[in-house]
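Contents: one structure, followed by commentary.
Going in written order, the chains are labelled A, B, C and D, and every chain counts its residues from 1.
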Amino acid sequence: MASPQPSQLDGPAFAHIPAPVKAKLRPFAIDKIQRIYQWMETEIIPREPVMDAQLAAKPWGMPALLRELRARAKEEGLWNLFLPNTFKESPGLTNLEYGCMCELMGRCYWGAMVFNCHAPDTGNCELLAKYCSEEQKEKWLKPLLEGTCGSGYSMTEPSVATSDATNVGIRITKKGDDYVINGRKLYSNCLWNKHLKFYILMGLSDPENPNPWRRHSMLIVPADSPGLTQVRNLTVLGYDWAPEGHGEYTYDNVVIPKENLILGEGRAFEIAQGRLGGGRIHHTMRLLGQAERAVELAIMRCRDPRFKPRGKLIGDFDSNIERVAQMRLELDAMRLVVLNAAETIDLFGPKAGRKAIAQCKVLVPKAIQGIVDECMQIFGGQGVTQHTPLPGIWAYARWARLADGPDSAHRHQVGRDELKKAVEITKRHQEYNRLAKVYGEKHGEKVHMMPEDSL
Amino acid sequence: MASPQPSQLDGPAFAHIPAPVKAKLRPFAIDKIQRIYQWMETEIIPREPVMDAQLAAKPWGMPALLRELRARAKEEGLWNLFLPNTFKESPGLTNLEYGCMCELMGRCYWGAMVFNCHAPDTGNCELLAKYCSEEQKEKWLKPLLEGTCGSGYSMTEPSVATSDATNVGIRITKKGDDYVINGRKLYSNCLWNKHLKFYILMGLSDPENPNPWRRHSMLIVPADSPGLTQVRNLTVLGYDWAPEGHGEYTYDNVVIPKENLILGEGRAFEIAQGRLGGGRIHHTMRLLGQAERAVELAIMRCRDPRFKPRGKLIGDFDSNIERVAQMRLELDAMRLVVLNAAETIDLFGPKAGRKAIAQCKVLVPKAIQGIVDECMQIFGGQGVTQHTPLPGIWAYARWARLADGPDSAHRHQVGRDELKKAVEITKRHQEYNRLAKVYGEKHGEKVHMMPEDSL
Amino acid sequence: MASPQPSQLDGPAFAHIPAPVKAKLRPFAIDKIQRIYQWMETEIIPREPVMDAQLAAKPWGMPALLRELRARAKEEGLWNLFLPNTFKESPGLTNLEYGCMCELMGRCYWGAMVFNCHAPDTGNCELLAKYCSEEQKEKWLKPLLEGTCGSGYSMTEPSVATSDATNVGIRITKKGDDYVINGRKLYSNCLWNKHLKFYILMGLSDPENPNPWRRHSMLIVPADSPGLTQVRNLTVLGYDWAPEGHGEYTYDNVVIPKENLILGEGRAFEIAQGRLGGGRIHHTMRLLGQAERAVELAIMRCRDPRFKPRGKLIGDFDSNIERVAQMRLELDAMRLVVLNAAETIDLFGPKAGRKAIAQCKVLVPKAIQGIVDECMQIFGGQGVTQHTPLPGIWAYARWARLADGPDSAHRHQVGRDELKKAVEITKRHQEYNRLAKVYGEKHGEKVHMMPEDSL
Amino acid sequence: MASPQPSQLDGPAFAHIPAPVKAKLRPFAIDKIQRIYQWMETEIIPREPVMDAQLAAKPWGMPALLRELRARAKEEGLWNLFLPNTFKESPGLTNLEYGCMCELMGRCYWGAMVFNCHAPDTGNCELLAKYCSEEQKEKWLKPLLEGTCGSGYSMTEPSVATSDATNVGIRITKKGDDYVINGRKLYSNCLWNKHLKFYILMGLSDPENPNPWRRHSMLIVPADSPGLTQVRNLTVLGYDWAPEGHGEYTYDNVVIPKENLILGEGRAFEIAQGRLGGGRIHHTMRLLGQAERAVELAIMRCRDPRFKPRGKLIGDFDSNIERVAQMRLELDAMRLVVLNAAETIDLFGPKAGRKAIAQCKVLVPKAIQGIVDECMQIFGGQGVTQHTPLPGIWAYARWARLADGPDSAHRHQVGRDELKKAVEITKRHQEYNRLAKVYGEKHGEKVHMMPEDSL
């Protein structure tokens, strides 16, 4: 057994990082984690009320506050930290290292935006880098990386089950050198925010193709395209989620030049497959940070000397002591799940991480939903009002259970993979049975292997 | 991001090891894991029915089968693998590496016994090595390590809450050069098994000591001590757990020579504290192996062509597909929890691992209890009978929730630790508030930090 | 066994009423249930979108639509149905019969307002009727019953744990013939709604009284009292809950004439005790109606031919079939809990119903929260947006877990009552033991009763 | 509102009966409940240890103790209480009244046997009475009612999914005037118990019949039929369940005279349908009694002055106060579910009670499994040993989740029924939409009904 190391990275920036991960962080990552932590503590979290005030006044747009902070963060080199090292701008962090930072950014709902590390721009950057021509990259990727604009990823539709993407039905038709889009979209980011410059849209371009995986194309849709209208902003669990928002759109003969086609006609699924990687678990990373904020508030309330139901502090009730413990243990377990997925991708690539990613998506938001729900209950009636950030945190966790399709869809995938193992397991079991018979005879016992009558 | 490595240790021995752990295994550990796997598959699991038959015929004793297997395993060097490298016999494995093996051993309930890696002998070895004189080690530790005898750890008592060890009440009184024990004990291992040669017993030797942590002593109690009687074997959830068993004992003037006192009078808590380390999570490691067996059986049943309720395979029902997925995802998460605790101890010692160990104890048995319950349900009526090993696996998981005190005791410890953070959190929050006011003024907004009215 | 009756009240108005309750409904109650159902189906539910539009335009006030509907309902005698028969205006319904109607009203969030059966006016009416002088009743109760004004019940405070009402701290001081109020209140109904004319406020009038249950008084606070300010509307889980709303108030030397004191100084707890009755479970009754709406939508979605993930209707997935069944079974069980509490109050009075009422408060909102959460999941991403009423229904259920103090407070009360039974149980058990010994001797067996060593 | 009645049936025999049920009990039922309660308290429960001793000595057979008690109970007229009033021996109790008694009998696992009210004899009596000829009744029903013999119901099989009864595969072939049975059966009652005289067996007599519901027949199989062998007793969750037991059988050319055919060839499903009624929920009734025993023990332990972890009684921990409350509230809710099903059958017949019965089967055993699990945890390590009856109670609840097929099968049935309502719901919703449009126009609002885009 290795002898304990002198330093365990004891500062508060590292308080929740599991010991084996701590042991693996490289010095420059440690430095970045420390600086992100500091930014969050002194520059970002204490500005939440100002941000709330600015957004209340003008929800759609890049608030002045955010603009300033982004400029400073960029200057300090805390920018695009998520970028894989296939980018020349990449800081060269592993997903594991970035995961530790991403959780810290997540402590404030809009924290990642300060460092240009927010969804869906992160995933969009990867997609554009991987599948676009140099011209396209110059025009669309570059400003994203520079932070001069924002983007959306437009996939979900009303009236069809787009959790199964083969059902995407918005029509893309060729008209001369252009593509014309007609139909409706849900979610993606709010068009009313003028910072947003384009959507990456998946649509149905070749409905008659016998191969259902070749019927769809991806287009870059400029936000100011005539015919594209945002009908309204979608509230999600009662919140408007400004400044990003979620939209409801109609496409009425929206004309897109052919230069905006990504990769080629009918190749949307190929692109979507390639949009795999760390980006798929960034939400769960940030959720950890949100949940830690919630737990901190609950702990603070538990020891607040002003609250004494039946003469005891809230945290003097054994029931609440156990509740806080359960939160801590579950939340730390969820962090292990997230960081394991990140490191699996680091080590063996996103395909090898498929199950670990599904594990994040199915387990983490659900667990955090439960943890934050318990935090609200500890706060009593106040816990569900705007007096605490808890309802908003809860809503983020709840939404995340649907973010890439409902968790049942992920379970189905995992379950089908798992059941394929039946062949190998059965074969192995038959070998147990054969040997059991041999061993039984040797020992003079007529035996059978459990389960009785197994194949 | 590191590029994927050529080998991911693809064999079935490594199928459930998380990618980041795989990447860390040293060649000689890989070799041992592979060999343990092979032993389990071909030597041990297929002998379960023979073992069952031998135990049915003669439950208390070391079955002939086990004796043979132990001799062979020892010869092959698959012996005492759990031993930390403070022992000269240690194979030098980390807790993490051993954890991977321990899970495999756990695939058969008595698998660890084959490799002399079973509880409570593992914990007892560590205790004896750490706190005993050379004479004591020669007499009691050596045969344990050689496997010529077994031992018990005797702590629990009826009629008092020994989950709080200060309540241990069995009386140890000095009489000349000897100690005399009077009282009752529960659990520990079955005295009727003649392989068992001694207990390490905690008792009350100095009840008047003002310091409650100095009132107890630990003695080595030879199994054949006159006055020591096993009243009956305790069934646990209906099972006798032969050949180890759980006993109910009376001590009626049991005389123990002073040479059998460990460390010194009144030092039982000091010793118990030192009985910390990987041993405390071996049960959860083995439970993973048991749970994997359960899940394998459920998967096999799901695809068994003979079972077609309403005309479909059990595994063709989406509900069961989702259930199997949920099992897989939860079980894999529990493995992350166990291996994280093991590695934390490796890196920073058992004290640093305290929370990670509590996490194992609180989360893992409960989750596995649920998983195995679901497996039984998939098997229908047969699933709760001796036609499958499932009820026994369930019982092991259920018991483990009580193995070192009920999980509520661990939650209390964690919860109290967690609530101590309130001071630091509140202070940090006050700083947020101070800064928020500053930033607010700067932006011309009168703002307040959530939660409203916070300290 | 009674032979089945010819009629089971088969219409949709009675679809969810348990058979034993159906058998007990009196003809005039059946008629009222039928009429309420019809109103909900044709007059109220289809007006939800209009109501939403009117509230969006002007949240605080009695919307024109509601005014019209209330006038018509009053004319048709569907008014004040909740009133116990101690009122001359009472329709003479039992709590059980009213419960069936109340669930139907609950199908629309503002349904009960149409029939002047909404909280907190219902509870306030009972309180005023029971404890006020004739002059007070004429001035405050009469308009409430006539529906010309609304009222609030003001209890909760920030910065103290008012779930334990002895902590209520807003100061009431005597000044000449008047009372002066200083402090803050949370919740209660929105002052900005001009329909609201007064609050019933609980405050601290005699802090030095040695008896903590005699320190508080209740006052009727006119809404237009100078010094009473609503700081803001409290959102609850992101919603404003217009037109009722939840407020945050400051009382700055609010002067209340002594005529507005209810019952007498120091008698607030006496009054609060008397505010017991069916009113305490009206929220759970209405929640059943809300939950049925949610389940209906989920069922509709399950069979909506446009949604076919992986080529099947959502309701063709066995997992969803089981989910819908689980919703149905749990929801029906919760209805049994609610109606049992109602009938217990009918038969033996509110004191006898204490445990049944706690059962409603602890079990029902939690179960419905889970059911509606599942409904949202069945809807996918759309399920959490304003495209469905589901997030609002969820929020209502979640809030109800806090409505009269967090459910832990109710559990504590029930748990303490339950543990008092230990004396009787132990005594009974000792008698078992005595008899067991007698019987054992007779049968020649030396036996002991489980649990081993019991008292 | 009815004024509270003078008597609430306050004695301990009525302590758990919901108020509305109390109000409905007829005097002679009240008398019987009181007497059953007394019997349980003084004659039966205190004899559990003697019974355990007798069964340990001789598990298979009618223990002497039970024989005596049965004779006395019969003499006192506490016999066959379950019998519907279609029997001349019927005491004329409703299912609801019997439910109250059945719970009390369930307080001891073998309590119902004392009163000849145990499964499966109760169900078998109903079946024989309904479908057998007078000769058959004289030979098989009469002794069952008199209590001179016992019976089994033989349905489950290994290697096929008999939860779907169309899969029953044991072969019945005609040979001259006889039927010959070949195959295997599981469960049913133990043949080794000589009190058992016959099985009612369902088998496959006409495999080629195009109608799968006409392929099976039911035969009365005498226990001493040559060729019928019990291979072993099935343990269920580690217990042998003596004296009834669960068997594993082989039928090797078992010849049954044609007189033993029930109703006619191919009519097994018709008979099984008719075996509907109160009998299907007797297990859940008894489970309530078992669970009350468990809760009593937990309460007793909570206040046992000898157990003081960390210096407090177990019941002084708020966490345990809440746990006990939760048990009480859930258990009482489950009683409402059971009694509602009983009364529904009373009022409108078993067909109308189908959903209520499924509700019992799905919700009750699962809830009680959880409650008893918590009781074990409160007892700590002792709670899972034979020092308490808790593991046995737990096992009974767990088994009950499978007793008539796994709960998923019941959920499927309910879920499919529920989803059929989609047609009606959709139609109703369309009418909402139509009206909403009308109302919207009237109010000058262009509105739409939620959910957006609904059919």
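Structure notes:
Keep in mind that, in the parts below, a contact is a pair of C-beta atoms (placed from the backbone, for glycine too) under 8 Å apart; a residue touches a chain by one contact, two chains touch by 3 or more.
By chain, UniProt protein names: A, B, C, D = Acyl-CoA dehydrogenase family member-like protein.
Please read all numbers here as calculations on a predicted model, not as lab measurements.
Among the other chains, the CA centroid farthest from that of chain C is the one of B.
When the interfaces C-D and A-C are ranked by how many C-beta pairs touch across them, C-D comes first. Centres computed as Cα averages put chain A at a distance of 38 Å from chain C. For the pair chain B and chain C, the distance between mean C-alpha positions equals 47 Å.
Shared interface positions of chain C, defined as residues touching 2 or more other chains, are 158-159, 317-322, 382, 386-387, 408, 412, 452-453. Taken together, the touching pairs cover every possible pairing of the chains. Residue ranges on chain C touching chain B, taken from their complex, read 158-159, 317-322, 452-453. Listed in rising order, the residues of chain D touching chain B in the complex are 156, 158-161, 163-164, 167, 186-187, 234-239, 246, 306-310, 314, 317, 319, 373, 376-378, 380-387, 391-392, 394-395, 398-399, 401-402, 405-409, 412.
Contact residues of chain A toward chain B in the complex are 1-2, 4-5, 8, 12, 18-20, 22-23, 41-42, 45-50, 52-54, 65, 84-85, 94-95, 296-297, 299-304, 315, 318, 320-326, 328-330, 332-333, 336-337, 340, 343-349, 352-353, 355-356, 358-359, 362-363, 379, 382, 386-389, 408, 410-416, 418-419, 421-426, 428-429, 431-436, 438-440, 443, 445, 447-455.
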